[in-house]
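Labels for the chains are A, B, C and D, by order of writing; each one numbers its residues from 1.
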Amino acid sequence: MIDAILFYVFAALALGSALVVIGQRHAIYSAFALIVTLCSLSAIYGLLGSPFIAVLQLVVYAGAIMVLFLFVIMLLNVGREEREGGERSGLKIAAGILTGVLLLQAGAVLLQAVVAPAPGFDASTHKMAQDLFSPRYLYAFEATSILILASIVGAVALAKKDL
Amino acid sequence: MAPDFIPHALLLSLALFSVGLLGVFLRRNIITVLMCVELMLNGVNLAFVAFSRAQGTLEGQVLVFFVLVVAAAEAAVGLAIVIAIHRHKDTLDVDAFNLLKW
Amino acid sequence: MPEPLARILSLDVVPWMVLLLPLGGFVVLALFGDWIRRDREEAGAGVLACATVGLAFGLSVFWALKLWSLPRGEGGLALYAPAFSKGAEGAVLPLEWIGAGGLRIPFALLLDQLSAVMALVVTGVGSLIHVYSLGYMAHDEDRVRYFSYLNLFTFFMLLLVMGGSLPLMFVGWEGVGLCSYLLIGFWFRKKSASDAGLKAFIVNRVGDVGLILGTILIFNVFGTVDLKDLADNAGALAPEALGRFGPATVACLLLFLGACGKSAQIPLHVWLPDAMEGPTPVSALIHAATMVTAGVYMVSRLGPLFERSATAMTVVAVVGTATALMAATIAVVQTDIKRVLAYSTISQLGYMFLACGVGAFGVAIFHLYTHAFFKALLFLGAGSVIHAMGGEQDMRKMGGLRAKIPWTFGTFVVGTAAIAGIPYLSGYFSKDEILAWALDSGRTGLFVVALATAILTAFYMSRLLFLTFLGRFRGGQEAEHHVHESPWVMLVPLIVLAAGSALAGYVNVTEAVAPAFRKPFDHPDAAPWLHLFAYVLPFLGILPAYYLYVALPEVRERLLAPLRPLTRILEAKWFFDDLYNGFVRRVVLRGSEAVLWRVADARIIDGTLDGGARLVEALAGRVRVVQTGFVRAYVLLILGGAVALIGYLLWS
Amino acid sequence: MAAAVKVVLIFAALLTVFALMTWAERRLLAFMQFRLGPNRAGPLGILQPAADGIKLFFKEEVVPAAANRWVFLAAPVVSVATAVLAIGVLPYGPPFTLFGRQWQLQIADLGVGVLYIFAVTSLGVYGPVLAGWSSNSKYTLLGGLRSSAQMFSYELALGLSWVGVIMLAGSFRIGDIVDHQAGGFWCWNAVVQLPAFIVYFVAATAEVSRIPFDLPEGETELVAGFHTEYSSMKFAMFQMAEYLNMITVAVLGTDLFLGGWHSGLPFLPSSGIWGFGWFAAKVGLVLFAFIWLRGTLPRFRYDQLMGFGWKVLIPVAVLNILATAAAVVLFGL
């Protein structure tokens, strides 16, 4: 019961702040709103019985990625979004229509899905580790470390003033 | 005690994805656009977690893990590119970055 | 023995260690070579290389002792990569290397008596030559590179003799070819050295084509390329496959073409004399003791198969004998000390093929084994002479070196005596055995030629010895002053090899490797007169040489005058090089230019490619307008695509 | 209900310790520097924190005109919130029996306890960053950026220093880690994982921006760093967040490395009230060490700080992890 209430509170928070993200013209407010969304999602993951992912969501998204965004926003001193040049309203209308269609399609798919929670669900860190380090995912897991390394090098190389 | 709000979690994920998608089209600030992409990724993640919970398997969780890694890499490289471009163009308008054509 | 140690020192592991130790040495030297060189610790590089090969030798001895202590019948065991992949019941499965259709090639080593003997020869002679190189290459700038190549060569050679399937053997085969190329051209700043390297490489390619085609044909006939299976199944071969142009015969002949390339037999022998451009220890190791015997090893390894095809056996025997005679005649007129030895090597290899051709594979391996000792000894001795002479290789400028470099002289005498076939030295046993088998096989023509070759061998080797060590010094005052004995690090391998050349014949290798050929060990009951004749045979060559080059040199001049046309042919090496050059220049180059370049390349290939490119260009001109440069338009396209795709999936 | 009681209890205790801490720090520093320190309000000046609190509470709220008002107000709240979030999963003493039930002085016993703390500390960056940016002053901005960069860097070392401990205990649950150290002081991770403990202590000092790592507020260069523009209660909240963080890392260090409530000597009891005694003593010791450092060491230069974090602490922590992993695999610890 209390879980359900918490879920709807966090869901409302997530959705509301997501709307703020795209409704804002100030990048920094968008970032703040996004942080709220991410933290709410972390709580929702916890409510869905996935503590490991919940914590990772906080560490990676809230603790690292968003700080990076804030840094860049502060560094570039991003102000209000300027409205110069063409509005490209045709693009926006097309995008709106297509998004609506996608929404309907995905809704149709989701409604068909089996959504009764399975009994005996265990997503503890221990189980996650067993899965991640099993032969099935081990290569992918190691590959992600290469990916991270590559992106570190790439980011440094790109952002450096004079190579 | 199993949560019975999984369908709603799926709807929420759909909503977040759509909001992010719309944001990509509505916002012109490239940093905001990147944030909207993160929002879309999060919508997908939520769907993964919800399905994982519904089916009682961990594949979804593992995928979320990988998505997180990719998102981190994407943000790092993406923001580095933004900084690099900003240095040349002195603007953050997505439509200003249109040299890569024909 | 404690349990873990026992597990490590089992037959499952030791051969792998033998194989991988030299590779480890190479990797270290190749990766950290620059660093070693910068720190002026170059001696360390050589010591490391020696240590890996020496350790590999120790382990091979251990392996061989263990192998021959096994009960009879368990000898030929094929071992697989240990514990890499486990089957359902925990059984060790062979780790698969190539799997395509019906072709299944595991990473398997074939570890029977034959490969053990070969590994012993490779690591034993190899480690001695490594040690010798410490002294010989002491003043070269590129020692680190040299030793890394040498280690790599040892690895590939071991892979060649231990590989359990034809393709794995082929990897070793190509690997030693590569190392040979690298080492012949080791002093690549010298044009002739890099040319010689290229020549060796290209001539070997011709043979390798035969090897590849032969392997493919073998797979076609037998459905397997596993060496052990081939030896086991050869007996069940259908007679029609064995006719004059039957597939099995053709496969054998193609494989023999590969052997000809690697082992320098007619018509692919031309590269070996030029290969003497490499450092002398390399000539000793690669171009005398080990790599060039790979062809003999391969033919012997497939002996049960060759034996089924009378045509193939005849070709092998005839080519071997012809090569033996041809090379021996050329050796008589050579003046370069290393070239004499090179032709001698070709000649001895011909002997081995003769033995193969008459079905005495064990004897071929026996001769390979004794030859490794005395030919390595002779090359290293020649190296010591060259070292003493400050790089001079022309025998006409030597002479009278006996007193100046006594140790080299002493060991060289032993080596010459062994190769000439002086009774009770190693060469006597193996050569006598080959002659006996040749006689026994009923091919009297071949036997007579082989006999003549044996006499010629004794003659030209004595000539070499006498010209170099006896008589007066002919190189001038200054050069004479310079002559000095080599350091101990070079002499010790010489002494060890001399002992080996003298005594190696007392080990009955023929019997030891017999199980590998799927037939019992036996001995030809040759005519007793042959055994008696063998006592005299070497002296039929040595005494004329003594008179012509030491006692009565003026007779030589008079004798030579009427023989001028013959010696000219011999000096031109039977015109093989000119023939090949002419063929390449006239036919290959002109044909390539007229047909392949102007028509095939310029018209057909380029035309196709250009046409394709023009087509793509035309299409691209129309498609490119989609690229507007606006990121959000792309996103819109992606979104549209996703919607269409999902719609299609939902609808269907 | 029980949880609510625990929350109230732990919160009250922590606030008391926070208050005492400010007083103790000033007194101890004063003794180290041959001064007296605050000794007027109450016996030995023990009421000084209360006096300070009252003073700060009644001061005028000042918001700079050019500041981003909402963010400016939110920053101290974020700081305190992240500090408070971490204390919820820490155990503060041994399990004990009261009213016929088994109790543990811990609000939430998470299976991912250590990870959760890592997540929450990573959120701690936001307070300084927001405060620094919203004040719209170059000193605060630089202070905020420095602070967040420093926290970023040392968080890595901090997290890595835990990994060895987690591997040995085989669990993320803090209670399990404490239990794994039962026995004697030679079983404590501070002994078994000495390099990790050293890394942890150094990184924790940097994480809570104590001397010698207090560069974000280095007053000689940046006035007072990210909270230059803050006054009255908002300033008090930053102070509170700082001290709460300090207590958190002290408690965490005690739990992870110093054997928690275990006495360390087999013949000394460690259950019940004894356990609380040991625990409090150890936490007090760590807190005293923080104060002692402040009285002893000068401040790092900024590049030294970064170099030290990336080139010394993180490699040491990684090597420790490798060694621990090898030991776990080889000896099945």
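In the analysis below, a contact is a pair of C-beta atoms (placed from the backbone, for glycine too) under 8 Å apart; a residue touches a chain by one contact, two chains touch by 3 or more.
These figures come from a predicted structure and were not determined experimentally.
J.: When B-C is set beside A-B, which has more C-beta pairs in contact?
T.: The comparison resolves to A-B.
J.: Looking at CA centres, what chain is most distant from chain C?
T.: It is D.
J.: Once you find the CA centre of chain B and the CA centre of chain D, what distance in Å lies between them?
T.: Roughly 34 Å, centre to centre.
J.: Provide the C-alpha centroid distance between chain B and chain C, rounded to the nearest whole angstrom.
T.: 62
J.: I'd like the Å distance between the centres of chain A and chain B, where a centre is the mean of that chain's Cα atoms.
T.: 5
J.: In whole angstrom, how far does the Cα centroid of chain A sit from the Cα centroid of chain D?
T.: 29
J.: Multi-chain contacts only, two chains or more: what residues does chain D have there?
T.: none
J.: Using the touch rule from the top of the page, what residues of chain C touch 2 or more other chains?
T.: Where chain C meets two or more other chains at a single residue, that happens at 630, 632, 635-636, 639.
J.: Of all residues in chain A, which are in touch with two or more distinct other chains?
T.: 52, 56, 64, 88, 91, 95, 99, 102, 106
J.: Which pairs of chains touch each other?
T.: Applying the touch rule to all chain pairs gives A-B, A-C, A-D, B-C.
J.: Quick check on the complex: what are the chain A residues that touch chain B?
T.: Its residues touching chain B are 3-4, 7-8, 11, 14-15, 18-19, 21-22, 24-25, 27, 30-31, 34, 37-38, 41, 44-45, 47-50, 52-53, 56-57, 60-61, 64-65, 68-69, 72-73, 75-76, 78, 81-86, 88, 91-92, 95-96, 99, 102-103, 106-107, 110, 113-121, 123, 127-128, 131-132, 137, 140, 144, 147-148, 150-152, 154-159, 161.
J.: Taking the touch rule as given, give the residues of chain A at its contact with chain D in the complex, in rising order.
T.: That would be residues 28, 32, 35, 51-52, 55-56, 58-59, 62-64, 67, 70-71, 74, 124-125 of chain A.
J.: Sort out for me which residues of chain B touch chain A in the complex.
T.: 1-12, 14-23, 25-29, 31-32, 34-36, 38-39, 42, 45-46, 49-58, 61-62, 64-66, 68-77, 79-84, 86-87, 92-93, 95
J.: Going by the contact rule set out above, which residues of chain B touch chain C in the complex?
T.: Spelled out, the residues of chain B in touch with chain C are 21, 24-25, 33, 94-95, 97-102.
J.: Show which residues of chain C lie in contact with chain B when the two form their complex.
T.: 624-625, 627-632, 635-636, 639
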